[in-house]
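Below is a structure I'd like to ask you about.
To keep things simple, chains are lettered A, B, C and D as they appear, and every chain counts its residues starting from 1.
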Amino acid sequence: MNKGRVESFTDAIVAIILTIMVLEIKVPGGYQWSDLLDNLSAFIAYTISFFFILVAWYNHHYMFSLARVISKKIFWANNIWLFVMSFYPVSTAWLGKYIDRLPPAFFYYFVFLFWTFAYQWLSYEIKSARENKEIKTKIEHMSIYQFTKNPIFYFSGFVIAILIFYFPPFVLITSVVELVSMLIFTNEDSDRLFS
Amino acid sequence: MNKGRVESFTDAIVAIILTIMVLEIKVPGGYQWSDLLDNLSAFIAYTISFFFILVAWYNHHYMFSLARVISKKIFWANNIWLFVMSFYPVSTAWLGKYIDRLPPAFFYYFVFLFWTFAYQWLSYEIKSARENKEIKTKIEHMSIYQFTKNPIFYFSGFVIAILIFYFPPFVLITSVVELVSMLIFTNEDSDRLFS
Amino acid sequence: MNKGRVESFTDAIVAIILTIMVLEIKVPGGYQWSDLLDNLSAFIAYTISFFFILVAWYNHHYMFSLARVISKKIFWANNIWLFVMSFYPVSTAWLGKYIDRLPPAFFYYFVFLFWTFAYQWLSYEIKSARENKEIKTKIEHMSIYQFTKNPIFYFSGFVIAILIFYFPPFVLITSVVELVSMLIFTNEDSDRLFS
Amino acid sequence: MNKGRVESFTDAIVAIILTIMVLEIKVPGGYQWSDLLDNLSAFIAYTISFFFILVAWYNHHYMFSLARVISKKIFWANNIWLFVMSFYPVSTAWLGKYIDRLPPAFFYYFVFLFWTFAYQWLSYEIKSARENKEIKTKIEHMSIYQFTKNPIFYFSGFVIAILIFYFPPFVLITSVVELVSMLIFTNEDSDRLFS
């Protein structure tokens, strides 16, 4: 497929998902600071989801730069990734509304997990489509790839579920931790690629 | 016309239609799982429409790659196609709200049929604009093209209408069947085009 | 300025304006055909505005292809054009809601007129920025350019205002007439430009 | 990083923020001119925010044209800039609703200030990434860069806060003044860059 067209189509969808999340922050019903603060948990959930998606976009952008062609399989792995991400506005808004309740926290966590699986599948398809060994290695060295391939990922996923059970807002702490670690541990060549 | 600009304009519109459909999935009014499940039929309708549009985009992308120039006629066939697709958010949300009622099911079905006709016209215009025989043949070999040219298409369209009459959600089953068959039967060169 | 970036930024804004208009077509509150028909005037207003914007985009696309550079003046003429167009969703929705009332019809008409003036200014700036005489002539030959330069335009604008006063929905008929004539009378080279 | 992809991703987000602000202008509840005028302060706030973002985009576009590569640091400075800007629809709508109240005016002002700081950081990162002295000088000559580096900026920021305290709508006058001065004092080469 036409890689540039798939990229810009993907970017448009990600940009819209990112931006419609802010539509869920309702204009305060009154003119007091307290009216604005009613939205506080929505602000927090929005902020975390916003940066989380940007970190993911950074990795997606890096990975796509390593793909030579976009096969039908890569296209569909990418679509599943976009589809799961399209639930972020709903899951973020629900969590922002009831930040201390179990079902919204678990729903947010499920969307987060499914999205991780979709990402894993996408990276696997991009890796498989290349014969170039150096590039395969680069993808395998991405922190997100290594983390999701590690048995610790499944174990920690289980532990996090228990922690959320006792303290629902923990799901946001999980997001922040993954966000920051994905932000720090990027492949060294990721911002030199096009220089 | 400038093919790249028409493509990216089309992609932006398709990306927005795809994403605003998710706005119709309302944030649950309570914090229980049952509040989320109230949205179940909306989720199902959304999922099917989302992937249906992506499959159509895949075919659109393939067909446009075969066009050498975008004539005024192709541009307007493309616009009609976009216009009909712009009713998907409304028809999907209406069906998602009343999944077992006749009028929403038939409205969804009409949008679906008109969109198919618009697509047929678009493929016809792209085919007609090329003198190259090989490319004409490629377009004629697309499963969606062959299907809509076949008298069986009109016959089955009639049978489906009857089935929807007795069981409205059948319209979604129809979508899934067309989605899956369009997903499987793509031209062999469609994902090798740019390698 | 970077012409490609201005074009794609413009296209993104036009695509969003085009698509959010459909958000004003509310999902019917009931499941009867009559519930859908409650939206009929909104459908009609939406359809006309949708195609009107597409026709304008076609002319915009043609005119920009004749521009060699995007100067600060052209950029700002373009921004005013986008700004006025951004009122189309509101003016269309208001007219769609009260299709037989004077204020919504005149508001729609004012947006329409201001948009035409913005377009005229934009075409003037693009024309002035080129020294090439052939290209100046091409812009002057565009039907929309010729029409807005003609005194008849101001006279007919006045007559239309009177007709709207007696029959508000006439504003939509005006749009359709301009739409169709702009659709038919395009410069001959407009769809051969890039072949 | 891929500069073109970061640019078009940024443009898509800016275009959406710009356009969803218009969604906050509600369709009037009645068909009288007075119903439209109920929206007057929302119109004013929208207009100022719309052009303000466009002026900022113009400067952003100029600055990015001077960047050779987009490093991880530039990418994140750009993201913070986008994040702060994503509060414009909410802050504009809140101010538009209660144009004579302190909290909405100060919230709008804070978003405005944070956005200025984000912009300053972004320009600093782009400047630092280049070794070319001529380009460093160009960025330093941008009126927005010079203004925010000047102690007068901090002093005037304080004075404006006091003025807003006594007359909340003053925040919009501040925006208009900055808008117009940024519009007039642009680097001379900013619209000749690509000729």
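Criterion: a contact is a pair of C-beta atoms (placed from the backbone, for glycine too) under 8 Å apart; a residue touches a chain by one contact, two chains touch by 3 or more.
By chain, UniProt protein names: A, B, C, D = Predicted integral membrane protein.
On a predicted model such as this, the values are computed, not experimentally measured, just so you know.
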Relative orientation of copies chain C and chain D, as a Cα rotation angle in degrees, nearest 5: 90
Gap in Å, rounded to a whole number, between the CA centres of chain B and chain A: 27
Geometric centre distance via CA averages, chain D-chain B, whole Å: 38
Touching two or more other chains - residue numbers and ranges from chain B: 8, 12, 16, 20, 23
Arrangement of touching chains [line / ring / star / complete / other]: ring
Chains that touch, pairwise: A-B, A-D, B-C, C-D
Interface residues, chain A side, partner chain B - complex: 1-3, 5-6, 8-9, 12-13, 16-17, 20, 23-24, 68-72, 75-76, 79, 83, 86-87, 89-90, 93-94, 97-98, 101-104, 107
Chain D-facing residues of chain A, complex: 7-8, 11-12, 14-16, 18-20, 22-23, 25, 27-28, 31-33, 35-36, 47, 50-51, 54, 57-58, 61, 65, 183, 186, 190-195
